[in-house]
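The following block contains the structure, expressed as structure tokens.
Every chain is named by a letter (A, B and C) in the order it is written, and numbering of its residues begins at 1.
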Amino acid sequence: MPRLSPASKPFYMHPPWNILFDFRQLEKIVPWKVNVAYLLLSFLEEMEKRGEVDFRASGVALDSSAFIYLMKSKLLLKLEEPPASPPKKILDFLPPPLFLPLRHELTSTTIQHLLQVLDEVLKGEKLLPTKRKTEPILPPPSDILPALDVYLMEIEAQMEELFLQLSQSVKGKGIINFSKFAAGKKRIDVVRIFILLLFLAQRGKVSLWQSEDLGEIYITVGESSHGTDSFNPDETG
Amino acid sequence: MERTVLTQMKQDRPIKEKVKEEKLKRELALLEAALYVAGRPLDLKVLGSILKTRSKRKVQRLARMLMKEYESRNTALEILELKDERFVLQLKAEYTPQVRRLVKRPLLSTGPLKTLAYIAYKQPVSQMRVIAVRGRHAYAHIKQLEEMGLITREKSGRSSVLRTTSYFADYFGLSHDIATMKRQLKKVFNQPTSQ
Amino acid sequence: MERTVLTQMKQDRPIKEKVKEEKLKRELALLEAALYVAGRPLDLKVLGSILKTRSKRKVQRLARMLMKEYESRNTALEILELKDERFVLQLKAEYTPQVRRLVKRPLLSTGPLKTLAYIAYKQPVSQMRVIAVRGRHAYAHIKQLEEMGLITREKSGRSSVLRTTSYFADYFGLSHDIATMKRQLKKVFNQPTSQ
């Protein structure tokens, strides 16, 4: 037992061990800042070194350590209500299902009623805005395909003819204005010529360019490396 | 002359008897027809209007006669006399489970019928208790039973107290007195055939 | 020894007879129960399913026996054998006028009845079309009509095709053949048969 005198406090009342023995301080500390294992070990070592084994101080140190651990645990684990156990089914007499007595009952609905309401429904149906579905109505394929075939078959011949005309206009090779070439032709024919020119340009038979937007289109005939005298239908593909 | 009349009367008697019997048969058939098409309990006044009589006693006597006849036939149908002097024609409960599926009207399924049986047997019973015993799906049963007018719900603090209605008692041909009804139900539940 | 067996057999016979008789009574009562709650003609297959037998001959024999019993009772109800080997329990026509006013419950409320009328007139008709004409609340009607066995729903791609059932035809006294039924409806409806 250490003899306590106001003048000489025992060693454990000094830092760092005093934390464990000053209860007012203990309640204020941040538990994470206290290394309990270090405090206890060094406390024991110091006691051994001094040859003063004090069981009461050891007990207090142990109690304080436990208190610090408790504080840490409380901070870690938020205290929650344990999950509610599924409501216990009360054991009670469970009677069998009570089947309602079955009674035949004539119903008052007749075919006249059915027809009366039918009349109303059909009138209502006529009043319905006849929302025709706005889906595109496609003509039957048979109406399109033959015309398409004829056009595709003829396009080769028309391209060949146009190329010949162009070649003649420029006398073999050269440049010609689209407006000049199409002059005096009907609007639909002008469109057709323009489409055919696009086909020819795609095959490299002619080159097309325009000086500015909406300006004159110039057609260069025969500049391409392709031959000018043969049309291979396969190239259209 | 007197002799002739007497002879006539003697000859008439069996004819009169026959006519009376025919009339009785026809009245019983009319009552049967009324109960058959109505599919619900009918009181003596309504039955009397069908027979074109105001004598309640006569109607009751005839209805009971028809009831007895049904009893003696010992078949699938029965006529019951309810309180308030009402009569109903219905299928005997023991045949219900086997032919239920032929009914085209929407019927309550077994779940709600079990909840109903429990409420009827335990009433007045708190909704909380019914849920505890029957499970949470019983909330829907209670709603359905209430909508059908078979039970009532009365607020009591945070929970509700459930009871069967007088419509329920009539529908099942049970007493309106709860103690008596419970005794009747106990009898029904103990019958193995009522399942 | 032999004598004892014979005596035993003699004693057994009445017991066996009684058991047989009880079984017969129960089967007849089951048929009666089925016809009563169905309130519509039932075929031998359905009746057989109630009796838990596949023998159509047995069912027919029993149903005819029940029919005879009803005849002998000479009351307000009758059992009829229809063509297509179907049986129906119904009120004798002569009693209908006198008890008609007791019939209060309609088969369906107006909304579902309108939907049913439209389906009957336009069948086979897509559910989509019915909803377009009758509005979205008709989904609930269709469900109800299906549950009551008045219509059938057949999946067809993303929509369903709706038709009335033979129960519908029986209820309104129409032909089971849809083309004939539509002609009947149109005839009564007094509309040109086009559309």
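One rule holds for everything that comes next: a contact is a pair of C-beta atoms (placed from the backbone, for glycine too) under 8 Å apart; a residue touches a chain by one contact, two chains touch by 3 or more.
Predicted model, so just to flag it, every value in this text is computed and none were measured.
For chain B, the chain with the farthest CA centroid is A.
The chain occupying the central position, as judged from C-alpha centroids, is C. Between the Cα centres of chain A and chain C there is a gap of 55 Å.
Chain centres here are Cα means. That of chain A falls 63 Å from that of chain B. Chain B and chain C have centres, each the mean of its CA atoms, that are 24 Å apart. In chain C, the residues that touch at least two other chains are 36-37, 39, 91, 103, 105.
Residue positions of chain A with contacts to 2 or more other chains are 102, 104-106. Across the complex, chain A is touched by residues 36-37, 39, 91, 103-108, 110, 113-118, 120-121, 132-134, 172-174, 185, 188-189 of chain C. If you check the complex, the residues on chain B that touch chain C are 25, 28-30, 32-34, 36-39, 42, 46, 50, 73-77, 91-92, 95, 98-100, 102-106.
Of all the residues in chain A, the ones that touch chain B in their complex are 87-90, 92-106. Chain A contributes residues 102, 104-111, 113-115, 117-122, 124-125, 128 to its touches with chain C in the complex.
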